[in-house]
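The structures come next, written out as structure tokens.
Look for chain A in each of the two complexes below; its partner is chain B in the first and chain C in the second.
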Partner chain A sequence: MHTFFQRIHQFLGFLLSTTIFIIIVNSISGLYLDDSEPEISIQLNKIHEFKNNARTDRAVIGFDLHADFTSTFNWNVKQIFVFVTAEYQPEGRGKSEVVIWDHIIRSKEEAVLDLVDQKNKYVLVDYENDLRGQIINLTVNWDVMPLNGFLRLKKHGKTQFTLPEKI
Partner chain B sequence: MKNEKNTISNSKKIRNLINSFSIFGFVLFLWNVIRLFSDLEAPLVVVLSSSMYPTLCRGDVLLISHNDSHSFHVGEIIVFHVTHRSLPVVNRIISIHIDKKGIEHILTKGDQKTTHDRALYNYEKGQSWIQKEDIIGVAWVIIPKIGLISVWINEIPLFKIILSFLAIIFTYFSY
Partner chain C sequence: MDFFGQYYAYLFFRLIVIIGSLLGILIGFLIQSYKATIYIYIGSIFLAGLLCSPNWPIWNKHPLNFKKKN
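Let's look at the complex of A and B:
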């Protein structure tokens, strides 16, 4: 290895193989580092509105969410995508899941959520307008986004409420 | 003196060539294992739009998997086709409803926006949801930024020319 180009060739080859190695080690370590169970509690505060806009029934609710995600952060975590889902199962149909609120936590400092009467960002609407009198489960889910490696979706924390029968 | 130098170079050349082939062969093997596992022709996707920022940036590479019996969950990042667009879209599922026939209706949204993707779906035909058939796969691995090279190659023609030129010079001078 004497000429300039041979040296660069050697260097780039080494750079490529070490980068691949680091990415693989990083991804796998991320899997083993995360065995945390953050404290989460969620409950319904109140149903703000349940109206019909001439086509579908739409619900706007407020919920209380207290969560501490500091234990989920490790060297391979870029951010945590937290979202609250409304799950329900109308008669004669399979399960429906609608994300009503989401939030991105970018660092350990922002990892504590303390929300009271948080209104949903995305309106709760059903595909076939089957919301009246429906029993709804609110669950807290989070997606751990690694710097590189495996994406993991988790959920925890549940509360239940029923939507009114009449608008 | 000159003859000696030549023979050493030759055997080294052959060794280097064999090395390159075996590395290439190994990568090809790994690639095909991933293809087999994910049941897809092309399990690698480069993120081209910034609709998923800050979760995914342009140039991030995703490994996706496809399973016919997979039931989708909200929060999964999926790669899907919209009928009148040639490039697949990468976004997150925010809504799933199963109708009386058992068919899943899915709504997606990019992390950067607060409005869902309905405007992207085939609006003229009144398509408000996407179905399983439109979805290419679910992302399960992220590798950041290395896809930027492929983005540059596709979008900046000058880059393609310079890169090919450099590659030719390199191969000539290294052997």
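Let's look at the complex of A and C:
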């Protein structure tokens, strides 16, 4: 402690413990603060395109999504990753889950999503031509990405529709 | 820095940083902004570092009295 650089060295060693303390408090409080239930509704607007291209079934759909993630933001949240999945159960195979759209909400100001007839970003594809006449579940999933601590995955807002039998 | 100065410099550094981090956690939690926590914490670190690292005259108030040469 008798020279300038020895003091700096000692102080930096002490700062490690206080920094870890702040991080632990922040990450634990994030787990307990995060009990809000955002308002979410999703429904099919219309099926834009349903065809067999390059020997695979492809569907382009438009959905309406209204969601308000304002209450999810607290001092622990960095951003929210929202993605919509289409789930269906083909015969003789396991359940299929396809991500058809995603979006990153970076701040509280842009936390309200109000989409009408949003086309899917990633085409709904089935490589075994099993999409025809299939009952599709649309689900809104969101990842709460924290500044410190654990990633939290939640899902909500199911809607069902049936794709046509003929292409 | 004399021996008392070294003791008090380290004590004051720890005190200022602990108070700054607790205050930062409190204010950041109340206004729900982690940015506020970090700014208050880093501010307290700079304040404490400026006060306690350089050899200021306040840390030199207890000089050692060596025995006089006969």
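Quick note on the criterion: the second predicted complex is superposed on the first by the 166 of 167 C-alpha atoms of A that agree within 3 Å, B and C clash if a C-alpha of one lies under 4 Å from a C-alpha of the other, contacts with A are read in each partner's own complex, and residues count from 1 in each chain.
Keep this in mind: a residue touches a chain if its C-beta (ideal position, glycine included) is under 8 Å from a C-beta of that chain, and two chains touch if they have at least 3 such contacts.
Predicted, not measured: the structure shown is a model, and the values here were computed from it.
**Student:** With everything superposed onto chain A, say whether chain B and chain C fit together or clash.
**Tutor:** When both complexes are placed onto chain A, chain B and chain C end up side by side without any clash.
**Student:** Considering only touches as defined above, state whether A:Lys121 meets chain B (first), chain C (second), both or neither.
**Tutor:** It touches chain B, and chain C stays clear.
**Student:** Given the touch rule stated above, what does A:Leu147 touch, chain B (first), chain C (second), both, or neither?
**Tutor:** both
**Student:** After the superposition on A, what does A:Ile104 contact: first (chain B), second (chain C), both or neither?
**Tutor:** In the superposed model, A:Ile104 contacts chain B only, not chain C.
**Student:** In the superposed arrangement, which partner chain does A:Gly94 touch: chain B (first), chain C (second), both, or neither?
**Tutor:** first
**Student:** Between chain B (first) and chain C (second), which, if any, makes contact with A:Thr18: first, second, both or neither?
**Tutor:** second
**Student:** Which touches a greater number of chain A residues, chain B or chain C?
**Tutor:** B
**Student:** A:Phe81 contacts which: chain B (first), chain C (second), both, neither?
**Tutor:** The first partner, chain B, only.
**Student:** Using the superposed model, give me the angle at chain A's CA centre between the CA centres of chain B and chain C, as a multiple of 10 °.
**Tutor:** With chain A as the vertex, chain B and chain C sit 50 degrees apart.
**Student:** Return first, second, both or neither, reflecting whether A:Ser29 touches chain B, chain C, both chains, or no partner chain.
**Tutor:** In the superposition, A:Ser29 contacts chain C only.
**Student:** Rounded to whole Å, what minimum CA distance do you find between chain B and chain C in the overlaid structures?
**Tutor:** Once the two complexes are overlaid, chain B and chain C approach no closer than 9 Å between C-alpha atoms.
**Student:** Kindly list the residues of chain A that each of chain B and chain C touches, one partner per complex.
**Tutor:** Correct list for chain A: 4, 8, 147.
**Student:** Can you tell me which positions in chain A touch chain C when the two form their complex?
**Tutor:** Within the complex, chain A contacts chain C at residues 1-2, 4, 7-8, 10-11, 14-15, 18-19, 21-22, 25-26, 29, 73-76, 147.
**Student:** Flag every residue of chain C that touches chain A in the complex, lowest number first.
**Tutor:** Within the complex, chain C touches chain A at residues 1, 6, 9-10, 13-14, 17-18, 21, 24-25, 28-29, 32-34, 37, 41, 45, 48-49, 52-55.
**Student:** Residues of chain A touching chain B in their complex?
**Tutor:** For chain A paired with chain B, touching residues are 3-6, 8-9, 23, 27, 79, 81, 83, 85, 92-99, 102, 104, 106, 121-122, 126-128, 141, 143, 145-151, 153.
**Student:** Would you pull the chain B residues touching chain A in the complex into a rising list?
**Tutor:** 54-55, 73-77, 92, 94-100, 102, 104-105, 111, 114, 116, 129, 139-144, 169-170, 173-174
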